[in-house]
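Which chain is which? They are A, B, C and D, in the order written, and residues in each are numbered from 1.
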């Protein structure tokens, strides 16, 4: 069913407005927090070149111009991706963020590939077996999973892997293998790239190294989805139309497939979208500090150590924009699936 | 005559989270013959909807049962055991109360027919669509409805679809639970006429549950009046309407405002008793103007002379 | 009892007057909203209610009854037209001033289940209109008790919370709440549609009793012709947002002028008792 | 039913459940520990991060009777540090949730009650802040105003209040449409009275349950921020910081050669979060009266 263009238009407009708001908000943060914005923008430079660097930053930010011009400039620069060079990496800021972004996104997408089906299945199974021992086990499990600190679990997985298999899943891919097989990243998703190039050893290596952090991150979405699915199914079972379907003689299997599962798809998509963002933060922490992978987390830490405000702001804006885009898509997909929504 | 539905001292209760039981029906005795239109009338909380759910096989899982219920001599409720195998959708079908929420919003009307006919009769998609068209035209709807989702239809159309669905699987009994309560007056008449016409045409036993004595009297052969979880009077429609033997039935008739005659309304004060406690006296005792000593013992259903009429009142002669 | 009031009505004593009122809701539909701003629900409504009169507004679902009530009670500014309550154009007044006039209206809402805050006691709910008037606690207490007695509710009901009450009791509590600030107009929105027949009859009798004692102007909004006949002397038939017929209710029922009203009356008889031959006029 | 009797009934009903009981027990222990931790810690000053005089003799000792959780790279008693961290954990989680709840509830309820421009504007800001990741705010604050408990709390509040605003808005939206709010408006009561009496009172149960179940998530996020080194300075009695120190001091080796440094603080985070979640979970089912019944696959 095609959802009305009107709704998509409205939803997109709102998202664009929100993204603009985020840019303005981060600019105000730069301006209003303690310290000279030009000094911050220049990355707290020291030594002989400091005065010059600060002057340059002042021109770059246009601090002599009125505030609305500054903000307009800033927005323009963001939208064109022209934010100057990163202090820490000496390459354009947007390039820095995007390179880290693909790495982190690969990890999260890989995680969600198995955690959504697993979480939904657990919730469904425990709802069907309501009141039994397996039900209370799954319920307890989902609470335990959602309460586990992912960086702690990640450390334990790392420890276990090293103790029992002697393999330390550190980094994204072994650099030796990359050199020996001549692997070159194209999209930045290593699993995809190695498959495209038919480079099986790199693929296996990347896979083996992505599984442990993915396991650590997966506990939250699995736990949340299992719990939410169970509740959604409970609610669906209480619907009048399920009661009617039973009275009409429709079989249990058909009711579960066509009546119950169909109705929980839109909310499950929405919950997955919400937890996706939560997992983003999780992934940033786990991948860098625990598993030594490059990604948004390592960029974040580098920008912290080098006081790289440009990257910090870019991270803030691009991550928020990403969140907003994901949620806009989720809303639109949800509206498309649900025949009731006609906005 | 074959008995389509027979209830013997049927009790149904619901247990809430505090483990307190509310008895919705407190010992119902009822027989419905094959092919007749039978109506259960009562006010909210009298247990009529619970009884309908029990017959249609859709009692919620937290319901408790006692007594016996037969559908075409098959024992479906035997004390706490419930077994509706081969009954739901094959012998009994339901026209649910609320047309707006009783159709799956994610499926088209055609899908509804398909899943029902596939699961009940093992028909293919094209066959079931053919049958669906046939029954939809019986209720006055075109085949364009098949492609539509339920929310695209008006309340009256949804109700017609539900009637078509109930008829399509060719069951012997149709339970209609307040089919007109959420519909405007002028549509109500149409729906009721349609229902009674189709029931006659397909020779189906109809069990209509309603709070509206007037609509019941329009299309039913016999009426059972329920109060506080018990059947207090059953009889032919004409005899119930013109000569009510139970003071409650009489009060109900006196309370209905009639168009064009501004008769004064004479409701009895008070409300039905709480169904949490168990009591042995006549449930209507506290509101009854005919109350006597003997009413502290609940009377059984007493037959009235020369008529197929049963009443649960010691003083039914004085009442009429 | 029903015939006494005829003739008491003073003409030109209008308490509520709607002049060419067109009302509707803003449609929030993205870029289309620039072009099409309102979904019109009521069209060119003219309606006057005089002091002490009993009026019914009759309509099926979707006819715009509840929108009309919102307009009368100052909750929805009409797109066009004027609303006078006691001679004042209420929508020309700021909300603070408007409320002072609206307070003369006692309103009994449609659904007794959503009209009482589940977490407040009945006493709290009933005393709210008096509290808004800024009365002292003792006076509020006294007036609440009197009002409860007036409709024949037991005093114990004051300390209970809504979930302990049946639908009929709730409806009575709402009637008390509407009456407690001594309103001059009583607006009843489907006063019996959520109730059982015997309770409905009790409420109808109660409302008639109240009218015969207080002579408050009464406006009943209902879909039920029979109920309207008991609670009103004059009626407006509302159809798709405009008034299709108005006049004394007996005349409307016995001799409907518009085709729509005829159908409405007829369909009512169709679902009336089989053996009831008293169809038509008295 | 009035509010106090509602709460006592909820407690009575849930205290029969094992999981709820475990949750209450865990939370009680954590709260008590957070109060008395400095009193029962064997080395209170080390708990606050002071390096002992004889540090060089007791670096990275594995758990023993003297040091039940072992010692860290600077020779401090891990048991004392973890125990003292309980207080920080409780303060972080509770203050973040309380402030966010308060701010979010007021904004969400106002958006629902006052329609028109106020609703649009407040919802816009809610939408905006929903999208802000706490960790980036923390990074920003870390760069501008330095380190400390306030950095953790402010950055989490900035990221979290919108969540409550949205929930409060959704619940309040359905309440303000109810007739009792209309009746109160018509009787001339001011918004200042109607909002707390009718709106907030009726959404409060739902919001509290949500807040309790979020306490755990807030703690997880706070310790993640600290673990990244964005919040509290090194040496602070905080579980995330303890883990962070273990790693920055010695990198990955910390895990491999002194696992106690990793296991114990994490375990405490886990137990605390679990306690909150176990309490919240059955309460959540109480919100929907239909789910309280013994629903099951019955056909």
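Basically, a residue touches a chain if its C-beta (ideal position, glycine included) is under 8 Å from a C-beta of that chain, and two chains touch if they have at least 3 such contacts.
Since the structure is predicted, the reported quantities are computational estimates derived from the model, not experimental observations.
Novice: Suppose every chain is reduced to the average of its Cα atoms; which one is closest to the average of all protein Cα atoms?
Specialist: The most central chain here turns out to be D.
Novice: Looking at CA centres, what chain is most distant from chain C?
Specialist: For chain C, the chain whose C-alpha mean is farthest off is A.
Novice: Looking at A-D and A-B, which pair shares more C-beta contacts?
Specialist: More contacting C-beta pairs are found at A-D.
Novice: Starting from the mean Cα coordinates of chain A and chain D, work out the distance between those two points in Å.
Specialist: That gives a centre separation of 22 Å.
Novice: Counting in whole Å, what is the centre-to-centre distance of chain A and chain B, each centre being its mean C-alpha position?
Specialist: Chain A and chain B have C-alpha centres separated by 54 Å.
Novice: Based only on mean CA positions, could you tell me how far chain B sits from chain C in angstrom?
Specialist: 33
Novice: Please report how many Å separate the Cα centroid of chain B from that of chain D, as a whole number.
Specialist: 52
Novice: Find every residue in chain B that makes contact with two or more other chains and list them.
Specialist: Residue numbers touching two or more other chains: 88.
Novice: Send over the residues of chain D in touch with two or more other chains.
Specialist: Residue numbers touching two or more other chains: 294-296, 298-299.
Novice: Any chance you could list the residues of chain C touching two or more other chains?
Specialist: Not one residue of chain C touches more than one other chain, so the list is empty.
Novice: Across the complex, what residues on chain D touch chain A?
Specialist: Residue positions touching the partner: 19, 124-125, 127-128, 130-137, 139-145, 216-217, 220-221, 223-224, 227-230, 243-244, 247, 252, 255-256, 259, 262-263, 265-267, 269-270, 273-274, 276-278, 281, 284-285, 288, 290-291, 294-299.
Novice: Tell me, which parts of chain B touch chain C in their complex?
Specialist: Of all residues in chain B, those touching chain C are 43-44, 184-186, 188-189, 192-193, 211-215, 217-218, 237-238, 241-242, 251-252, 254-262, 264-269, 271.
Novice: Report the residues of chain D in contact with chain C in the complex, numbered from low to high.
Specialist: Interface residues on chain D, with respect to chain C: 1-3, 6, 178-180, 182-189, 197-198, 201-202.
Novice: Along chain C, where are the residues that touch chain B in the complex?
Specialist: 1-2, 60-61, 166-169, 196-202, 204-205, 223-227, 229-230, 253-254, 263-265, 267-276, 278-282
Novice: If you look only at chain B, which of its residues touch chain D in the complex?
Specialist: Residues of chain B touching chain D: 15-18, 60-62, 88.
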